[in-house]
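Attaching a single structure in structure tokens format; questions to follow.
A, B, C and D label the chains in the order they appear, each numbered from 1.
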């Protein structure tokens, strides 16, 4: 029994071990990697990605997938920026209302996404892929291709103001991580995600309104994408149609690297935190140790495979697609 | 990997041969006889179209505004201009052009950036075949020339970025006192302008023995990517970085924010493109210099060339080669003239004479 | 108190329920039997709200009700105990118990895990299960999961004021004998509080437990028998519509196997760590060798070793005299081993592929020239076996997933037999089949045995094991306990086997 | 009942309706020469989608296809002067090997294909950047025409690309429906455990499916390089999502075992028609992407055969 236990424990902590090994490796290659300032930089690049990845974690736990995040992030960023500027352009005015508005918009897009998926009975991969196109297209329609600058110093203090070496946006991300953890472990909805992912038909037969859980899941994911959008705008001070680009593959890769299984039911937001950090440590580390740009994609690929291999409980999986 | 070397050797030879051949008009005769036949008399009312990468980049928005200004100069509404957006896909770019050729029956004046250089040939060939008139911007391969296609391939305009990029690099290096480390954040690695802008920096560095290029990484013209790459540079080189050379303005925005996050406010930075936001930053002294390529004018004039060739206003094959392949104008924007520049070009868009094609040209395109 | 009057249900092309009357009184245990396709499962689904009847009424204490979904039925005190697979294994026991009803433990949106654990412990006590409610369900044994299922349904007790009706769907199929006893005593105790509808293919259990028995055939209730009047033969007659062979297990057809022949399969002190250890036996042509033991005693692992899905850690396995060194299914198939798995729908047939495609799946090489299939020949083969085994299918193109369980099983058998497999591994071959289909399977076992095929069987019931086999090996915790020879007329008794099993 | 009978035919009915709708708006669209040229232009994308079909048919996905095609445009351009027609073989081999690696990582190392193919794509992209020296390369025109001219020419007014596509789709269809490999693919897609229990070498079949996908992606890249007479590590960008969309719209859902190469043929044509319809309906540039997404939802909602989806995830 103790034998089984150590294997379980090992697999549970494998992603964290992978992260630590990576940190040690990069530190050995370039000691400057291991510094508070660099960790703050990794934190800055991780914060928006973490929010998006947490959103999609809920969906993946349900055994579905969401590919709409790029569109959703763009729309939320653009709506936020427009509203923020229209309402006064500084957090000290009524413009703070733009923040709840963006979250609302994110939730609404997620809701539509979920409704299309559930009501039209289109698998989430396709529904969300198409919704992603719609989202990016809608953001483009709103901006007409322009970029909106958000210059308010108060809002930008997300990036510029630091506590204990880390900018505020890292703490905001941490706060929302805790909220996500709370949802995952202490609310009915969060637990129902696991039920749906563990056995949708069984959950339905137990009287669970699976469709409602799914739709709520997509809406919740949308809210987290909106938080990601706010942090992304906070990071570079610009909202544009391209704000959301590249989030899709990075966030899903992070979720899987963190040990949440694509077939659902296993994993959680802490795994996602580790996964996001792994991916960002690799990205940061490769530049820091001076790897030529053209090999970085390949090295990232190999490291991601290695990380997933190490954190997969192969005995519990019979086959993988 | 010896075949890679082989290829490069072979390529230089064939390119030289081709240049020779075209100089003698051999290649041109061969190709135009192969493709000719569809050449038609002037088209009275061609559709005017602009095919470009996307709408999310301010540069392309400026290009499009020029195209729209041009169609308005014809007395038509803005939406007379047909937009083909390739989203960075050469495949879509070509397919869209062909669909439009078919829709318009070849009665088309097309201005296009083909997204990737190799895509220029099939685009031009299908336009020529359909009897449409095409002008290209930025991307084409070195062996493709308008004069090899009679009248239908009207012109190619590009910018020699190496020179201006070298100039900005000098400004940067001077601001650094001629010594210290420089990092370069580039465009999509295989893009021609990205290559040239880095080459410009390298040229300038030759005259500054105390300065050193610490690293050059592609940032894909992307603000967020630039932001992350710059952060990592800061870790690797820290205070060794005394200046940043950016391949374009959108990259510079990301760099500025990465520095701002660290509380670094006085790092010398130069960029490229001369977008309004960048010009403002130049005015504030946050960017030392950017190079304005007047995309508004470029967008308008490229469409105008195709249009006026199509309507028979001028006959391209009668024009000298330096009117078929030429460098567009560049204006260096520096803090001291940012205000004046802004007033002239940005605050109110100047009205251009869209029949004045070549007066600001920087000469015929040269191949190395 | 709970009554169905004249209930009708039609599906496209099927009249599933024909004006069914059904009644259950307070504290009563009602058995429900019928062959597959007789309408039992449709009736159950109507009762617990998964289907809505097309005609007729449902009344509780005389009041008409209509359920749109299982949830509404639950709110009226009707609960369903599914087979053990219906717990969600990645959740904890308490989460499973209160799945869909977490709200009672939620205050200000927060789940109070302590309160839920407390409540779960109370439910588990009702079924006399002493486990930590925070245990992940996948760590439980099948019997424990079955009890958790029951505990879950019993939460209705606290939620509902009125009477409870609890459906038990094949609750005993994975349970060992003594676990069944425990379950039954529990159910009897619980009749103080609830009525039960008990559905099972095991006739003896239905007779044992039920106060009254509804017999269904072709969507109709053909008889209702009181406990005291019940008699297995009469009920089976009603269900099947004809006399059931007295020699259910075809004992009269059992011929001695070829004791002297070279063994088809030989195990010598074979061990698979954690699954079974030190197992030795020989399987000879014509022999039906039955592995008997409780769930987890190593029966399935031995089958999987022979087929090549499990690699032993010690000992020697040889098939037809040749030692096996590489264990994978391709080698097994090449050696003439055919595997009829327990999870018929998952491992037996490929739903979504036609009958003929399924039949040749294991032997495509025989119907192909350098990779190109001779589809005509495949279909001819399929037609021949459809006739030979009387498979009920409209044509060879029919999606196998749409066949009834018995016919699916026949397709699986045909797959191996037509490929000439002479070592057949049967894992619960009659599980979930009705009597008619079971009889067909038994006939086929005897036929194969006559043809000199060696069969290793893991039976659904002990009776089946005793009835069918030439040899029985009793396993316990991965060790062989005892070997019985079972010539006709000299078979071991149930007691003999159980004695060694536990 | 009658709707049940129509269901399997919905993909091509959708295609026909779309063609007619666009044709009604502008009869130029219906000219045979236009339809032929539209079909010919979509060929490289179609070939990639064809490969993708095999990956999706077994319930996986191949996100490396675009990077593999990018890489082959570079390989083809570099290898042409030295190896001539042999360059094509090198490209296809490279694609097959990379696909095989994806398959190996997926089946043996238990990495979901979503991640493994993404990672292998990264490797292919790095290789492309390294080999190209990070710039766009072009082929010598005469060498291209003498070696690969047959790919871009035309026969009886029909572009050769269409013949290549026809040959590939016939081959793929034959492979899918007439061979043991195709049957095994279906079994793996529809019921993997049963395929294992029938003694099929499931891992090998899956690896072969990914290798096939990689090989076809390489052919797509090769054809595109010849068509554009050059190569660059970003030349095939923008292929991936349309290729996936083409497979899905054709009615091969990600659950596996349903659909097939003919569906992909129809799906690709649907994508081509939707794309050109933007031009014919003169959809505003800033609205095109949104409209594309909306039409996509409608098209998928129409074409997908839900009776064969057990659970909609």
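The working rule: a residue touches a chain if its C-beta (ideal position, glycine included) is under 8 Å from a C-beta of that chain, and two chains touch if they have at least 3 such contacts.
None of the values given here were measured: they were computed from a predicted structure.
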(request) Would you mind naming the chains that touch subunit B and likewise touch subunit C? (result) A, D
(message) Please tell me whether A-B or A-D has the greater number of C-beta pairs in contact.
(response) A-D
(message) Please identify the chain with the largest separation between its CA centroid and the CA centroid of subunit B.
(response) C
(message) Centroid of subunit A to centroid of subunit B, CA atoms only: how many Å?
(response) 35
(message) Between subunit A and subunit D, what distance separates the C-alpha centroids? Give it in angstrom.
(response) 29
(message) Suppose each chain is reduced to the average of its Cα coordinates; what separation in Å results between subunit C and subunit D?
(response) 44
(message) With centres defined as the mean C-alpha position, give me the subunit B-subunit D separation in Å.
(response) 32
(message) Touching at least two other chains at once: which residues of subunit B meet that condition?
(response) 55, 64, 189, 218
(request) Give the residues of subunit D that touch two or more other chains, as numbers and ranges in rising order. (result) 129, 134, 193, 196, 286, 288-289
(message) Using the touch definition from the top, which residues of subunit A touch two or more other chains?
(response) 140, 144-145, 293-294
(request) Can you identify all of the chain pairs that touch? (result) A-B, A-C, A-D, B-D, C-D
(message) Quick check: in the complex, which residue numbers of subunit C touch subunit A?
(response) 50, 69-71, 74, 80, 82, 85-91, 95-96, 99-103, 106, 109-111, 113, 152
(message) Please output the residues of subunit D touching subunit C within their complex, sorted ascending.
(response) 1, 178-181, 183-184, 186-187, 190-191, 193-201, 257-258, 308
(request) Quick one: which bits of subunit B touch subunit A in the complex? Just the residue numbers, please. (result) 54-58, 60-61, 64, 189, 215-218, 222-225, 227-229, 231-236, 238, 253-254, 257-258, 260-263, 277
(request) Note which residues of subunit B are touching subunit D in the complex, please. (result) 1, 3-4, 6-7, 10-11, 14, 18, 55, 64, 79, 82-92, 94-96, 98-100, 102-103, 105, 116-119, 121-122, 139, 141-143, 188-192, 195, 218
(request) Spell out the residues on subunit A that touch subunit B in their complex, using ranges where they run on. (result) 30, 32-33, 35, 37-38, 41, 44-45, 140, 143-147, 149, 156, 159-160, 167, 232, 235-238, 240-243, 245-246, 283-284, 286-290, 293-294
